[in-house]
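Letters A, B, C, D, E, F, G and H name the chains as they come in the text, with residue numbers starting at 1 for each one.
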């Protein structure tokens, strides 16, 4: 049986409050996904299994979030030809700067499309995954257009003191 | 007439020595592309034209490279639903750290998949674009698999003193 | 009908607690202004409209605040010959360092006069706008001199333990 | 006798290769200026004289460049109500990051409009000074418009391998 | 009438919670001092007066604390031959990294002996001032030795869970 | 009488909440240790005594934690041939970046194996010490294997909203 | 047949000029080693094979060097209980700061003892590996002591102008 | 026999091109000094001897330069009550940022007056040492005043294109 087109993986349960925003964004766009915990460091075999089988199981795009010495997105990208989008989760000491460098500074040959540190990055990873899937799914393209239009319309003209 | 599926845009001629590697990588994978200079700051109208028309003209994926206060990738992403991949070009004073932050730290709502600073990032933007296109192009998927296999095979077992 | 001489624009409602200090500082100096939300990323058309029409509508100086990959000040500067002063709003993960780099590191050709990260920057953007307007407004120059004199006199001679 | 409307000051002769670009940019725009060496640290009296007298001598805008613990722009701004634009000159060890922080992070009350580190910052300080002066000088406004139009037209459509 | 041998100056009342630790440390060592607010930016004349008269008034060592674009220590050092010790006060956005660079990166010719960011720096500025004065005050040298001995003895052998 | 094989030393009582995790990790692995406060700066003689005698007293591996200008791990490594593992304790102003650089950037000739900033680093220093001791202690190797297996098994398959 | 006790692995041939210093240091100490290229990203299967088999093949200590998003040391540590020492190789854009963060900021549970960026780190990884092996090899302990003694004796008393 | 009043110590011969500027500055001011190599890491006993005996041997002020994980200034300060001024020598990978943090971020209790990274810091350490000695040496105070006056007079009024 095939997996949903988007896989959201993260290095630990503690990444979920961030990565949940990717899941919710996909839900809003009616894009199916599966969210799993796959730790590069604590469950390397699970990671190898996941990454090497993802394409055959029907996954189209992988969203991977991790913090600190964040190896998960890059290692998955090393083991699958699918597009991988990385979310640097904010870390305690260095506030995600370590996560960012560990994900974005991949050597030539193995790409990870990296999003912003933390929540905005999780949201955007989902939007980018949807944009990729929308290239061959006109209905999704319409939903994404509508989402962007609503987003534009929701920006007020003037700032408000009521907070 | 339709444009090629990949558009490579960059903020200035000085970005070309970096972005050329994206072009060459696409050529190796037999993916058609068009490379153009589109400056967010010096040619904002050209940028608006490019970004708002890209989808209608048949572009599928946009690769955008820029340095310093690098606004090009994010501004294009603001004006097209297509996937945008950003390459932070190395800058003189801050070595691309400014380029990286300006590209990757996008707010939730407008994604830019960001690659590494400089040449590796340009190569990887092309590989990521190809991975996206390969989702609906089995021949390209085969060529990408072959490229990755050759890459793996080209890694020697032992380091060599002959340099 | 003409707009006030100073326009304060910001990328989102969440920038207002910072940018409000620019508004208050202008009020103290009896300088008229209009404050608006103009998002480079979520409302690019609104931004283009604002920036390309500002001079014709009578705006003299633009204060633009934004956070993260802060493209608003630079993009406005790309589309108007008016002086643009940028305020890097403090961001969650990188505390405004990303905002600062995204605003200050503009390429040669398109200037943005950048102020400090956060509240001090918002206050100073207003003071700098006033200093510019005061060049051709002697009454404002007098008010600005008085403001600076009061500021000097308000500094106590000795630190106080009562806080 | 009155001074020219723009004063370019810098902390040492070693800043001139950078600040010269501000001078050349003003010359291209036919804006008169005077360039002087004024060291906050080695010639504090000269700095006090310069800053406290600048307005009375007819200076309208001050461009100040300095590197390292760059105190010149901020100290001048503390002693004159004129608009001060600061250029962080690239430093040897920290590549201008120290210059940038020392200039841009002014406390609320004393503004310095800060430009990019190094040469682009020097060019842009001149353009920003011209934009300020152009508010009350229509001929200069025309020249600045023309400069910006030429700049836009000079951007080639396609990157060139001939370097 | 002569001033005490140590002057503690700071840029604003908000620096006092940090700089108070310098005062308390001097009190513990029975070193007389005067603490004053002297803002480089808001009270430049007061600063010039203070710095140019300090030696004649009997001051031997100056401790100067400031935050952000912290110009006070360096500007005082520019106007007095006395030893100046600088304390980078922790700042809101950049946590004192801006303060540190603005104080420590002085150009060759005008020294500021810089201490750690924040409270430890304030304590150590006092200890360093005392060490300087102790070179010609044997009683103070004895008190400083005793202080250091007590400090050594106060370090427990084993960590304790009782906090 | 011989000391336990692992010595945990730290610069001050305030490091214990971090370093306690090293102690607890060793206890879980049934590795004996002694935890002591040894300040490079406040008790240099104690440090010299500890470091120069450690090998003769039967210590096999030293774990040293310190924050800020963290000299303890490197100075101990300078005075003993035993393996030294350093833990950069999170500091107030710079969040442990100063601790990290002070520990990891040792010159060629005197190694300190450095772990992550803060709690993860303390845990890992203990695990690394155990891994070293396990090279000649098969029972410990078995316990370490079991610990790693439990760690792997404890990673859930799916993220949970219950927090 | 058993492997030598130390394995030196690196992500690419371009790391060899750095990692060669680890090899030379081991040779000086008469410690046998094998140096191999194992790329986490381009040869993930080779890495899995290497890491999972290393202990059974007789390896005692692993030295792993990599640059940029340097995942090799951490991924090997995830798949072997042996002590792993990581060398952050200097990278082009970020001078090894990315390599350092990617290696040192491992999550609690999987330790990598990290050495300095670049050549000193490679030398020290070898010395640390030797220190570990010397715990159960008295001859090596003697050679290491002699190496350290020679190192101490080679430091001249006075600086020399002859360079 | 007494030592000269200023001791210049540095961690290695490679620091001499930087620290030589401290020596030359002292020579210009006719202040006697002794320059020695004292490595905290490679010659810890020499360092202990130097630091614990310096006061008794007549040293008044210590200038200590070191790079990377620069422990020399802080460790000397831990073992002598004399004023210690630290010079962060520029390092290869991190350009002296590691040296700076390792020297300046001392904990409360043990002060090191830290100067700028590299050559300016070496010059200024000498000037600060002279300022300290000048407190009880009127002739030196006069020479220092003359030095500062010459320095002020040597600053040209206008920048020169002849370089």
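We take it that contacts are C-beta pairs under 8 Å (C-beta built on N, C-alpha and C of every residue); 3 or more make two chains touch, one makes a residue touch a chain.
In this text the structure is predicted, and so the values were computed from the model without any measurement.
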{"item": "Neighbouring chains common to chain D and chain E, by label", "value": "C, H"}
{"item": "Candidate from F-G, A-B or A-G with the same interface as D-E, over half of contact pairs in common", "value": "A-G"}
{"item": "Centre-to-centre distance between chain D and chain C (centres being mean Cα positions), rounded to whole Å", "value": "19"}
{"item": "Rounded Å distance between chain B and chain F, as computed from the means of their C-alpha atoms", "value": "43"}
{"item": "Averaged-CA centre spacing for the pair chain C and chain B, given as whole angstrom", "value": "33"}
{"item": "Touching two or more other chains - residues of chain H", "value": "12, 42, 68-69, 93-95, 97, 104-107, 109-110, 116-117, 119-120, 151"}
{"item": "Interchain pairs in contact, sorted by label", "value": "A-B, A-C, A-F, A-G, B-C, B-D, B-G, C-D, C-E, D-E, D-H, E-F, E-H, F-G, F-H, G-H"}
{"item": "Touching residues on chain D, where the partner in the complex is chain E", "value": "11-12, 40-42, 44, 48, 67-69, 71, 74-75, 77-79, 91, 93-94, 97-98, 101-107, 109-110"}
{"item": "Of chain H, residues touching chain D in the complex", "value": "90, 95-97, 116-120, 151-152, 154-161, 163"}
{"item": "List of chain E residues in touch with chain C within their complex", "value": "10, 12-13, 15-17, 19-20, 35-37, 39, 42-43, 45-46, 68-69, 92-95"}
{"item": "Residues of chain E touching chain H in the complex", "value": "21, 60-61, 81-83, 85, 100, 104-117, 119-120, 123-125, 127-128, 131-132, 134-136, 141, 144-145, 148, 151"}
